[in-house]
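Order of writing sets the chain letters: A, B and C. Residues in each chain are counted from 1.
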Amino acid sequence: MKRELLKFLAFTVFVLLLPLYFQGGYLMNVLVFVGINTMLAIALNLLLGYAGQISLGHAGFFGLGAYLSGILTATYGWNPWLAMPTAAIVVGGLAGLIGFPILKLKGHYLAMATLGLGIIIYIVFNETVDLTGGPSGLSGIPNLAVAGVTFDSDVKNYYLIWGFTLAVILFSLNLANSRVGRALRAVHDSEVAARVVGVNARILKVQIFALSALLSSLAGSLYAHTMTFISPASFGFNFSVELLTMVVIGGLGSVYGSFLGAALLTLLPEFLRAAHDYDIIIYGALLMLMVMFMPGGLVRGIPDLFRKVFKKGGGDSHA
Amino acid sequence: MLEVCGITQIFGGVTALADVSFRINQGDITGVIGPNGAGKTTLFNIITGIYTQTSGRVLFEEKDISGLPPEKLARLAMVRTFQNIELFGGMTVHENVMVGMQTKSSSGLLACALKMPWSIVEERRIREASLKWLEFTGITDLADVTAGNLPFGKGRLLEIARALAVEPRIILMDEPAAGLNSQETVALAQLIKRIRDLGITVVLVEHDMELVMDICDRIVVLNLGRKLAEGTPREIQDNSDVIAAYLGDDD
Amino acid sequence: MQFDQILQYALSGFSTGAIYALIGIGFSIIYNATGIINFAQGEFVMLGGLLTLTCLDLLQLPLWAAIPCAVAVSTVAGLLFERLAIRPLRQPTPINLVIITIGGSILIRGLAMLLWGKDTHAIPAFSGDDPIAIGGATILPQHLWILAITVVIIAINKFYFYHTISGKAMRACSYNRRAAGLVGIDVRRMVLFSFMISSAMGAVAGIIVAPLTMTAYDVGVMLGLKGFCAAIIGGMSSGIATVVGGLLLGVLESLGAGLISSGYKDAIAFIILLLILFIRPQGLFGKADSERV
């Protein structure tokens, strides 16, 4: 596991030094979103890539975190540092409860059920106007502050968000290489064999679903406190699909792949400003092309491609 | 040790097993044989909690385990292998065996993700203890190979190593020799005896008669969903009912 | 609560329910032939409406010609979708199929946005907008059109599945794909047919509902999901159970919107969806192993 640690340290250094290059320009703000989306993509990847269970409702958990944090702080005057974990625990608990019936479903049915759940949550954001401000959104959410420093600029937010993101990355890497992570991957590969050697597949799936929701909620809270304004439009079905695209493009079951997918999909619209409205065409095409031609995602597909180019006739090699 | 009492299984009107009863003694290697369609695999699936029987009970160490799911049975130290080996294809050989130690470890999700001191200690213990089973089955040199890339015979050994990592008191093997060449089969026979020498009770469904007669202490014969005979290999070989059942079907 | 009012809700619920039923049957046909839930189903509903608009405005076709034209083009789109996205898939695991049909749905929606823009468009009602009084309630002629066309489509469907060779082959596939292949049925062709029939039905649904609700590039999402919900209530049947499912959903939605709150109208369908999936995944009327076609 030494190599794993070195990789993580190198990545950390890269993240910490990146702002020096951009000198606080506009892209800093985008990189903040890359961080938030990386957290979300990793959260979904734990469920989809490791446990093999799909969710099309993760934007809902993201939104719940953002709204709970936002309402507790802006409306009820809580300290954000208290509101964030409260939201995370509530959302994780909620997901745990709903996880028992929902994870009995498999494949397409699970996809539809989670999709329905996400849309119900979205509708609630829109309709509980007294609490959420409805479609026009909730404003006046305070920034996070620590020891007199308020995180209110892009650079400060960058370090705040990426601090959390790096923690989530480390957390997920640890998990993946532990008895729980192995059990998850085992369930993914052969549920019956995993059960026979004592893995309680049902409980494990529910646990990971709850954890995934909890991490999404955390990302949501951070989003609310950096943006200081949230509205339901950010938490709709389209965003769930965008998250799915990030995970698939980066690579199922790869933590750094999730970063790659999140970075690509967050930066892409910035480079395609002219085609702003039409980015959904690109998402759609990317999703289809990846599943058809690079089912292992970029993290596996690109090395494969290199191998194929440099060693002709190397044969098929997907993970 | 293991007692099967009046197991009946009906699939949509078809009786796969009819009132089958026998007991398996502690420390024995017991073979369950019978022509194709005799209900051997169905019986295994019932004992190991994959199916729930229509009626009848299974007692394991005097405890009624009927209807318990496989993950509970693993905790009671019962484990099985599959006819078409079921490996965790995306994981390494070593990791496969480490999953087998699931019931012998307890670190929770958060402890693992936060690398709490006790989970680090446990992880080291899992890593080392699992090596022992790689060595026992003779696949130590394959530890870092991805399980999905193993040849069939090695996959079989890995599946057994993984099952042993559960530290079972009983192991049920569904056709362990299927798909193996004669050399591998001989090695398998030795391995099964060594497993028995560890004090683990072995039950196997097998078609390879030579293997069965060679290593089994007792044999149960099923035919058309009923128990036909039970006894030592010598008794079974001399049993006229058994010979009749196998005539014309010398598989 | 006034009886008249309830009657009114029920009547309008019936016509939206008929739309859900048509879309739901489209889901079921593909599911039964292939085991795939086609997340792009709703996009064909959208295509039906928008293509009709183009036929009317751009090609200046009369309505009676525009409709078959739009249905035909949507069917070709369904065919292309199967050939270009579903069939070439190298690892058709459920997750990959979910992702590819979602990808397809986004792509089709995006292209529609490119072609027709983001505005909502209206299609004229088939025979005027003069309300007809029934009891104390009123309905529009378009409602009657919807109900009538739905009945006709379902009748054609029934005929196809029970009285034509290709329909019977399709049913065989739904019972057991492998066995169907063994007796010489070209399963891949049946899969292709199922996508074509589904997209045609979706397009019809999209066309007949457009005069009531307007249409736009993004109407497919909600309509598709509601159609799926109808199919789930009906236990993925491509027959009467899904029709009942659709009608039930339409009426419940309409009553819920009228009596409880219109904002939560869409949530009703999804709450029903979750409840059915949790409690009776085989559908409201199904035995565990009921007839699928």
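Definition applied: a contact is a pair of C-beta atoms (placed from the backbone, for glycine too) under 8 Å apart; a residue touches a chain by one contact, two chains touch by 3 or more.
Bear in mind that the values here come from a model prediction, so they are computed numbers and not experimental data.
Participant: Note the connected groups of chains, using the touch definition above, after excluding chain A.
Facilitator: B | C
Participant: Taking each chain's centre as the mean of its C-alpha atoms, give the chain farthest from chain C.
Facilitator: Of all chains, B has its centre farthest from that of chain C.
Participant: If you average the Cα atoms of chain B and of chain C to get two centres, how far apart are those centres in Å?
Facilitator: Centres of chain B and chain C (C-alpha means) sit 49 Å apart.
Participant: Using mean CA coordinates as chain centres, what's the chain A-chain C distance in Å?
Facilitator: 32
Participant: What's the distance between the Cα centroids of chain A and chain B, rounded to whole Å?
Facilitator: The answer is 41 Å.
Participant: Which part of chain A faces chain B closely enough to touch in the complex?
Facilitator: 171-172, 174-175, 178-183, 185-186, 188-190, 192-201, 207-208, 211, 253, 319
Participant: Which bits of chain A are touching chain C when the two form their complex?
Facilitator: 48, 52, 54, 56, 101-102, 104-109, 111-113, 115-117, 119-120, 123-124, 126-127, 237, 241, 244, 248, 277-278, 280-288, 291-292, 295
Participant: Within the complex, which stretch of chain B touches chain A?
Facilitator: The contact residues of chain B facing chain A are 48, 50, 69-71, 73-75, 79-80, 82, 86-91, 95-96, 98-103, 105, 107-109, 112-115, 119, 122-123, 126, 159, 162-163, 165-166.
Participant: Sort out for me which residues of chain C touch chain A in the complex.
Facilitator: Of all residues in chain C, those touching chain A are 31, 36-37, 39, 85, 88-91, 94-100, 102-111, 113-114, 118, 221, 225, 228-229, 232, 261, 263-264, 266-267, 270-271, 273-274, 277-278, 281.
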